[in-house]
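Sharing a structure below in structure tokens format, with a few things to ask.
Each chain carries a letter (A, B, C, D and E) given by its place in the written order, and its residues are counted from 1.
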Amino acid sequence: MVTWVFLAAAALAILFAVVAVVARNPITNVLALVVMFFAMSAVFAVIGMDFLAAIQVIVYSGAILVLFLFVIMLLNVRRIDRLGSGRSFQAFIGTLVAAGIGAMVLVIVGLLLPEQGAVLPGAAAAGTALPIGRALLSTHLFAFEFITLLLVAAIVGAVYLGKKDLR
Amino acid sequence: MSDHVLTIVLLAPAAFAILLLPIPRVWKRVHRILTIIASSVMFAFSLKLWVGFDANDPGFQFVDTFPWIPDLGISFTIGIDGISILLVLLTTLLLPVVVLAAWRLNIEHIKSLHISLLLLTTGMIGTFVALDLFLFYVFWEITLIPMYFIIGVWGGPRRIYASVKFFLFTMAGSVLMLVGVLYLVWFHHQQTGIWTYGYLDLMTTAPLLPVTGGLLAPGLLVFAAFAIAFAVKVPIFPLHTWLPDAHVEAPSTGSVILAGVLLKMGAYGFIRFNRALLPDAWDLFTPLLVVLAVIGIIYGALVAMVQVDVKKLVAYSSVSHMGFVMLGLAAGTQASTQGAVLQMVNHGLSTGGLFLLVGMLYQRRYTRMIADFGGLAGVIPIFTGCFLFVTFSSIGLPGLNGFVGEFLILGGSWSVFPAAVVCGGLGIILGAVYMLLMVQKVFWGPLDNPANQNLPDLSIREFFVMFPLLVLIVWIGVYPMTFLSPMEAAIRLLLAN
Amino acid sequence: MILGSLWLIPALCLAGALVNLALGAARAPKSMVTVVGVGSVGAATAAGYAALWEYLNQPIGVVIEPYFTWISAGRITVDASLQLDPLSAVMVAFVTLVGLLIHLYSVGYMHGESHRGYARYFAYLNLFMFSMLLLVLGSNLLVLFVGWEGVGLCSYLLIGYYYAKPGCAAAGSKAFIVNRIGDVGFLIAVFVTLGVFGSVEYSRIFATAAAHPEQYAAAATVIGLLLLVGAIGKSAQIPLFVWLPDAMAGPTPVSALIHAATMVTAGVYMVVRANVFYRLSPTAMLTVAIVGGVTALFAATIGLVQNDIKKVLAYSTVSQLGYMFLAAGVGAFVTAIFHVVTHAFFKACLFLGSGSVIHACDGEQDMREMGGLRRHMPTTYWTFFAATLAIAGIPLFAGFFSKDEILARAFAAGAGDLNGFGRIYIALWVLGMVAALLTAFYMFRALYLTFRGDYRGDAEKERHLHESPRTMTVPLIVLGVLSIIGGFAGFPGQLFGISGLNLIDRFLEPVIVPLGSAAAHGVEAASDHGTHGLTLGVEWLLVFLSVAVAVVGILIARRFYLAPDAFAAPRRLAERLPFISMLLLNKYWIDELYGAMIIGPIYRFATFCWRVVDELIIDTIFINGSAFAVELTGDILRFTTTGNVRNYALSVALAILALAMWLW
Amino acid sequence: MNAADVVAIPYTWVLALSAALFAIGTLGVLLRRNAIAIFLSLEIMLNSANLAFAAFAFRFATGHATAAAAIDGQVFIFFVIAVAAAEAAIGLALFIALYRHKETIDVDRFNILRW
Amino acid sequence: MLTPSPADLLAVAPEIILAVAAGLVLIVEAFLPSVRKHLSELTLAAVGCALWARITLPLPGAVWSDTLHIDGLASFVDIYILVAVFLTVWMAGPFLRRVGADHGEFYSLLLFATVGAMVMAASVNLLTIFLGLELLSIPLYVLNAFLRRTAISLEAGLKYFVVGAFASAFVVYGMALLYGATATMNIVEIGQRVVDAGALNPLTAVGLAMVVGGLAFKLALVPCHAWAPDVYQGSPTPVTAFLSVVPKGAALIVLLRLAVGMDLLQVSSRWVIGISIVAVASQVLGNVIAIVQRDVKRMLAYSGIAHMGYALVAVLVAGPEGGTAVLVYFAAYTLMNMGAFAAIALLSEREDRPHLIDDLKGQGYHRPVAALTLTACLFSLAGVPPFLGFTAKFMVFRAAVNEGFVLLAVIGVLNSLLSAFYYLRVIYTLYMEPLPEREPRLEPSLPTAAVATVAALGVLVLGTFPGPVIDAAASAILSLVR
């Protein structure tokens, strides 16, 4: 059963990822991305990472993509370029490279296939918020503090770039 | 000698250059006066080396050593032996001469000219006295910068091309030398487990570099790495083409230093490093060196013969003369080597003198084309006299310095490479040809060009510029033992291994 | 007391030279210059003769005075030292004498020059005396070489004395450069000597060589030939004689002193000095003889048709030098020196005479513009006449004794089949005889054209014709007298059965070092003075023969240039043999030949080296070419930075993919 | 749902999914011209990275390594999401600035600087 | 333990100081108009304090539960990073006033980026490395585009952003793979695993490749270099100076930590070959294209590509000597580049125009200080003694030769010969070309001149007496290799 859920989510993710990449209306792109993110959070859930599944939906779909939508509205970009339009050589090589990278990782996956994932012992409820929260406040305390700087910097920068000239 | 005489001689010019910095550049006269005084004092002081030098000691004297980069085994170690002392003194002598020669030059940026000259002097002396290969390399490269500016800033119309060519040629040679040095040091570490760049230390292991096993034998490669660097400086055919350009474009101040000292750095490097550090490879390369030397002698003379620009002619004559030096070094007998070292000094004096005179001529007429002159002897007899004098010294008239050097070089080489000596003889003939024909076209004949009607004759100052050179030319010609005996022991030791 | 400080002799002249240079720079009055110039040489002469006197009154054969080590490095050691032996004594004696006379003569001849010019002239002349004396007094090959080059330098300077006059400078350079060719031969000879004997001291090398003839025979050949190259250059022998005629561009006294009396004989001196080597090496000696004999005739033929009086004398000098080499070549070294001396007298006299003539016809040198000068300048005429007789070889005149002995010895060498080259020597003797005939002819031709007949120049000039001042005539007279009586120094007593009358022979005897084990060698026989394997009868026959030859020459000259229909005969002859006359008039096109065969190609090659090898191949193709290649590459590669950010991203992805694949 | 009673799918499947998404994202970045589209593709790439982390974390959680290791992976995802947010902020602001200046956000049009 | 120990906080005191200052600047600008003119001084003070703290404070080593290693290595890099920042800020003040963009954000972002770089240099944990990298990049995206009205500045920002974000996506993915391969985030342990395995398994290899690729982007190594010229040219000069130095220092250290940790020199011959190729390619391409550049900043960008090529050789050699060489090289490169860019800022007339070499004609005697400092720095970049650049190159080639990479050394020296070609062009344009009729209007700026002078003097003095730098580097590297 889990397997089917996963397969379905995966299929959905890939499908809408493709849509997000191919579609020529930015709104479509973003919405496709939203769906894809939902699919992803499903995957997270399937492999027992409830916390991630949650923030995936909240932060990504809830915050970031909304931001996108705002910007798209702001700049009211309607129809945008077709995938691979313009520089055909770039498109050609680009496709090859992308495929190559994907293939490469997939081959690795193939190499790893032999050893299968085992039963997830209920005891090790790895994915729940508690252990992650612990880790964040102990092992990764520094990173946790540090990310604030990152966000502040981002805000400062965004504000500077976004604001109209003061003088 | 613990009173650091050599260190002072070495660093005084640079220190003085720094002293000049704060003085405003509009006070040209101040700069000139200070520099001339300082350089004269420096020369006088450098004579302490001559006085305190023990001719019977083949080793290095006035050795000073200070730690520099101890972890890498690099130290500031300097000292002179019978070979380098002459070159050091030649350098310190030429400095006041060129400063005095540049006295009336109405050019801009006098301050920076003097500073460049002083820094250049330190660089050149350092090259001759360094006993640490890293130090040597540093000084070797340092000389590039001031010379680059001297040619490029105060030079002629094609000065930029010439200066860049000079810089790149020399650097092209020396970068490989750096790798050579590193390899020697690494090899020494392999052998002894000690990191050192000391000349005397490397002397113990460098000869062990294998020279057998095809062209890629380390010994041969390292030798080549050094040889190319020096060959460019000497210069040896076919690496010589920077020389005419540099000389023609450089102000006479630069040409004098260039011909007088810089070229010697190459020959000095050959004898000090290639010969002393890699004797086996040297033996293998000797035939090649001899051939190139002979080519240089004849080729330089031939090309000089057909020049239309006096300065270019003298420049090519340098190629020919340095060919003699290389022949002497390559032959490697006691006599020929001593002759070669003496010939370095001779060439410094006579060619330096020629460049000074050509420079004075240029100052009077702002041309160097042979065709623009003719019959000057009637207008400026004393100048003509000086010019003839130096000319004959440069074509090796017995009784003047040139002869002694050439005689020792050829006489010493005769037992080893008679054929080369015969070609050298050809070079002597051609030497007379190009110099005398030039003199004939410039000074003799009717005074056909009205522009030359009333040129001023040699001024007192100019005479004093030439005077020390003339004296030395005669001195070396009549009693060369003054200069031959100090180098005797050192060269004997050097040729021993 | 001069002996023991021989250096004084040249040093005095050097001092004179330096002082005069200074005076010239200071534009001092000519009188001072004269005093210094002539005075210094006078002093040197005095010193020279004093030394000679002391030398004669003391037992030692060779006085050697080492002063200091000049050059010493490795196996090369050369001392700065002088030596006085019979040979150098003779040379000193006549060099100083002739030199002094010519200095005197110059005072009058050069009085027209500017202050500076005058001083310069005397400075050079003194410098020349210094070098020449150094040359003859030096006790080793290298000191000799110093003088050797020194005289070359002075010759260069003095030929170019009238530097403003076109051609003078060129002639000077030519002289020096041609000499340089010889000098290099000399230098290499020195190197060989150093290599073989480890020394260049006469005392060492000759003694050693003479002691072991067989051992050093080969070396002797090499050294001998190389030295000969030097001598050929200095003494203007074939093929290097071309510079001497041009050298006449210099002032006439200079021609007299340097290019007739002294410098050019340095080659002969050197060959004689090295007689040991030549006697050890038949080949070398034969070469000397051939060069001499051929040159003697060759130059004489050119002399036949010259119209410039100085040119005539120049070629006659070359030819006379040829005689000297012939002499040396047949082993008559002493005779060679003897001829050097006599030749110095009469040729100097001739040149000074011609100088006086030129002086009179203010600068005119073409004999066709002269004639009948006897009336105007008797002294000059008579001295010139005497010298002409001497050079023509009329008995009892100086030239007769020396030249006749040379020819006799040549014949003897042939008859005695010297070194088995008898035939060749006979041939050379014939050349010598013919040359003698020609000599007599062209010298009298010159005499007649100049002094006899009627003046052919324009009347305006004729009025100025005058005898030269005392300072010029006195030297003329002295030299004239010397060229009459000078020969008696080598009076061939043996012709009259009295031996020992030949002073010079006796005096110079020690110069010919006996060869150790080869005492019985043919050379030895030849070199012994007096009887040279010929019977008295043959000797007298030869004498008459040569006299006859001379007389015939004179008569032909008389027929051609003094007969009522003067000049017609030679013209007819010329028309009959057009080619030969062209050949002679153009001096066999030797200069042109050298120009085309040697100088031209060298210049073309040099230009090729410069323009093609240096500028095109090395600079343009390699240096600038590589720079251009680099810049071109850069200009192409710069377009890899397309400016399109997606390309950049692509290259990043590509790089990562490649690296990942590679590291896999 | 409680993960205790389920049989887990192989983590390699998740990895495969991430690989596919990564490829798609790369493709988008390389082939789109519109800045926003490119940026969306970038987000896809980041998410695929997240999946990769998740996959491995899942693996380690299932007894192939310490639990701590498994947690680390998830923490990383957490931070990646945060960083993504930050990048989004900056990027979009930048796009706005660009758009203000040039009335377009087609990256191919920004090539004053080249060669 | 929910709160960090004092030791942890003390260890990152400099970072904290900078972070605080970064916020403070904004607050001051917002609420204290009177002080607004002195933001740069304020920032300078902060940087100074941080520098002082970094120098004086002890180096505890592993802190923050072993995510950071505040060791000699980190502190060496930090010091030069801080010096670079100090100089940048110093010259930024007048520059921003000149171009009318003196906003507090500039300093704030600059400081944030600095913190990022320092953290990156100190991190031994994939997570913190990644975060440091991002904190370094994100402000830089803005700083590149800081002249919002200048087309090239915006374009620079866009390009740096797109490529940067793309590269960091790869970095993350690579990290994921590394994490997957080794079940840890600590690069020391990762390295240990690799060393134990004695080879790179596919997972590690690909992960490493992706991370290295991301770092190569930061270092502008061929073929991840193409952004550099554009961004250098477009960015405001002080930013270019910062950009050309600080990220490279951090990236070099991470690369070094990885290479040494995994002992790649021994483990993977393919690594050696691959990196050698990249190094040589960077040197050749950088120098050859630099030769034909007419814009000074662009030229320096390409030369920077070449220089990272040299530095990469040292990274390849690794070991004590290689490590020392890397550090010395970074130190030298910092001073040379800061000096060069400061001098260029002095000699450039307008920001929105390309800084053509020809505009420097005859400035040599007209603007002595700027010209002289630029000359010194360029000679140093060319690797001519007695400047520090020579010492740096010397160390690199020495390390290479001693490890047997003689060929790399030869290629390296030949490349520095090539580079002399274009450095000399600038110098002769300065001194040997005549002043043009219409000479550029340059307003002198004392601070900028001071920066240039300090850097040039540093280059000269440290080049003449390199002992201290080399000692410091040698002892610093001991914390990584022993």
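Just so we're on the same page, a contact is a pair of C-beta atoms (placed from the backbone, for glycine too) under 8 Å apart; a residue touches a chain by one contact, two chains touch by 3 or more.
On a predicted model such as this, the values are computed, not experimentally measured, just so you know.
With steps allowed only between chains in touch, the distance from subunit C over to subunit E comes to 1.
The set of chains touching subunit A and also touching subunit C is given as D, E.
Put simply, the chain farthest from subunit E by mean CA position is C. Top contact pair of chains, counted by C-beta pairs, is A-D.
Ranked by separation of Cα centres from subunit A, the top chain is C. Separating the centre of subunit B from that of subunit E, both taken as means of CA atoms, is a distance of 42 Å. Taking each chain's centre as the mean of its C-alpha atoms, subunit A lies 71 Å from subunit B. Annotation: 4 Å between the Cα-based centres of subunit A and subunit D.
The centroid of the Cα atoms in subunit B and the matching centroid in subunit C are 38 Å apart. Among the residues of subunit E, those in touch with two or more other chains are 127, 131, 134, 138, 141-142, 145, 148-149, 158-159, 162, 166, 170, 177, 202, 206, 229-230, 421.
Residue positions 638, 641-647, 649-650, 653-654, 656, 660 of subunit C each touch two or more of the other chains.
In subunit D, the positions touching at least two other chains are 15, 18, 22, 25-26, 29-30, 33, 38-39, 55, 59, 72, 75, 79, 83, 86-87, 90, 93-94, 97, 107-108, 110-114.
Interface note: chains touch in the pairs A-C, A-D, A-E, B-C, B-E, C-D, C-E, D-E. Listed in rising order, the residues of subunit A touching subunit C in the complex are 87, 90, 93-94, 97-98, 100-101, 104. Those residues of subunit D that touch subunit C in the shared complex are 26, 29-30, 33, 38, 107-108, 110-115. Subunit D meets subunit E in the complex at residues 15, 18, 22, 25, 29, 35, 38-39, 42, 45-46, 48-49, 52-53, 55-56, 59-60, 64-66, 69, 72-73, 75-76, 79-80, 83, 86-87, 90-91, 93-94, 97-98, 101-102, 107, 110-114. Contacts from subunit A toward subunit E in the complex involve residues 104-105, 107-108, 111-112, 137-143, 145-147, 149-150, 152-154, 156-161, 165. By the touch criterion given at the top, residues 638-639, 641-646, 649-650, 653 of subunit C touch subunit D in their complex.
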